[in-house]
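Two complexes follow with chain A in common, the first pairing it with chain B and the second with chain C.
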Partner chain A sequence: MVEARFRRGDRVHVRAAYPLGHIRTPYYIRGHSGVIERLCGSFGNPEELAQQRSGEPKQPLYRVRFLQKDVWPAYRGNPGDLLEVEIFQHWLE
Partner chain B sequence: MGGQPAGKVEPTEHDYEEWERRVDALMMLLSGVRGARKLMTVDELRKNIEALPPDAYERMSYYERWVTSITQTMIQRGVITTEELGRRMEQVRKRHG
Partner chain C sequence: MSEAGRYQPYSYFQLMEVSLRELLVEKGILTEAQVAETVEDMRQRSPERGARVVARAWVSDSYRKKLLEDGTKACEELGLDVPALRLIVVENTPQAHNMIVCTLCSCYPRMLLGIPPDWYKSRNYRSRAVREPRAVLSEFGLFLEEGTAIRVHDSTADMRYLVLPMRPAGTEGWSEERLASIVTRDCMIGVAVPKAN
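Coming up: the complex of A and B.
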């Protein structure tokens, strides 16, 4: 199992990478910055599990909190509106 | 959808048809949720749904995407062959004339 590198409150940046394959990190959140809300646990890596491999070592998964206004251009809702996305550690820096 | 511009989301209630329940049960069995040997992962289900051409994705219903993806995965894993699948589909078509 890979050790958790981030803690609640840490500011993180989602990698802006676009490889082929099965990736759980949504396109729209790549390249954005947010704050760790919690560690959800460690799980098999879906990028490997999707390709008939073991998914080991398990990767820490975090719930990351973003501001809607930072993610969507011309967002017209409340400036404090939040978006939470669950992202694996290897997509965060 | 997926961060792309799209229309309004219109939620509707509907009952599941018998074949849809069967597709769900098939996935539970193949992914080892209940009992039997694990023959695929939910990640493979997702991968093969994502691999659908955009027009097929739009045209298919939720469980049509599932059954297409499950079939693709079983072929990729060598659980069934394209030959077997094609022959069986011919048989079923004849039976229902």
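Coming up: the complex of A and C.
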């Protein structure tokens, strides 16, 4: 199991990477910055599981909080509107 | 198939399902009875389960706290078995409204809400809920106050989400059963709010 590197409140950046395969990091959130809302636990790496492999070592999974207006430049709505996304640690820096 | 009427050939996916199922049975990996039992089990799950959880949280503050702390455990307390489901319950307040989507596929708390509605799986809902949630909500007939922030939860990996709506005014003294009756599926996805009829 991989050690959790981030804590609640830490500022993180989602890697702007575009590999092929079964990726659970939504395209729209790559390259954006947010704040760790919580650590959800550790889970099998879906990119490995999708290839029929073991998914080990398990990866820490976080809920990361983004401001809508940071993600969508033309966003209209309350400036406090949020978007929370589950992201695996190996996608965060 | 005992449906009367004209003959309709199987669609591609129906044919695939039948072929796969028959092969699994033929090879002794599954039995027909197991398949039937699982299908029946899935059919039994309905939003009434989630509504029971919400109603309990409305009448018991200690249960509400437990539910927000550890959704899976709180459901077990009501006899709702939620295996392999890590449930995160998000609470609506006058300041913040929650809404659930799975932009990647159709992750959904099936153990509590049953089978997701077709719109939840549609490309339209999945792509727009994260970028123009207010427009999407208005199409469901839900208009939030200016000052209410929206929190959209994209269910992208191993967690499943349930919205705990606000208990509407005018429901004072209602029984848990009566409260549960106004908690609809859409209220627990966050595209509607419960109303005291």
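Basically, the second predicted complex is superposed on the first by the 93 of 93 C-alpha atoms of A that agree within 3 Å, B and C clash if a C-alpha of one lies under 4 Å from a C-alpha of the other, contacts with A are read in each partner's own complex, and residues count from 1 in each chain.
Rule of thumb we're sticking to: a residue touches a chain if its C-beta (ideal position, glycine included) is under 8 Å from a C-beta of that chain, and two chains touch if they have at least 3 such contacts.
As the structure is a computational prediction, the values presented were derived from the model and not from experiment.
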| item | value |
| --- | --- |
| Touched partner set for A:Ala50, first chain B, second chain C, both or neither | first |
| Partner with the higher number of touched chain A residues, chain C or chain B | C |
| First, second, both or neither for A:Tyr28, with chain B first and chain C second | both |
| Overlap of chain C and chain B interfaces on chain A (superposed complexes) | 26, 28-29, 46 |
| Partner chain C, residues of chain A touching it in the complex | 24-26, 28-29, 40-41, 43, 46, 61, 63, 68, 71-72, 75-78, 80-88 |
| Touching residues on chain B, where the partner in the complex is chain A | 2-3, 41, 43-44, 46-47, 50, 76-77 |
| Residues on chain A engaged by chain B in the complex (per definition of touch) | 21-22, 26-29, 46-47, 49-52, 55 |
| Chain A-touching residues of chain C, taken from the complex the two chains share | 86, 88, 103-104, 130-134, 146-159 |
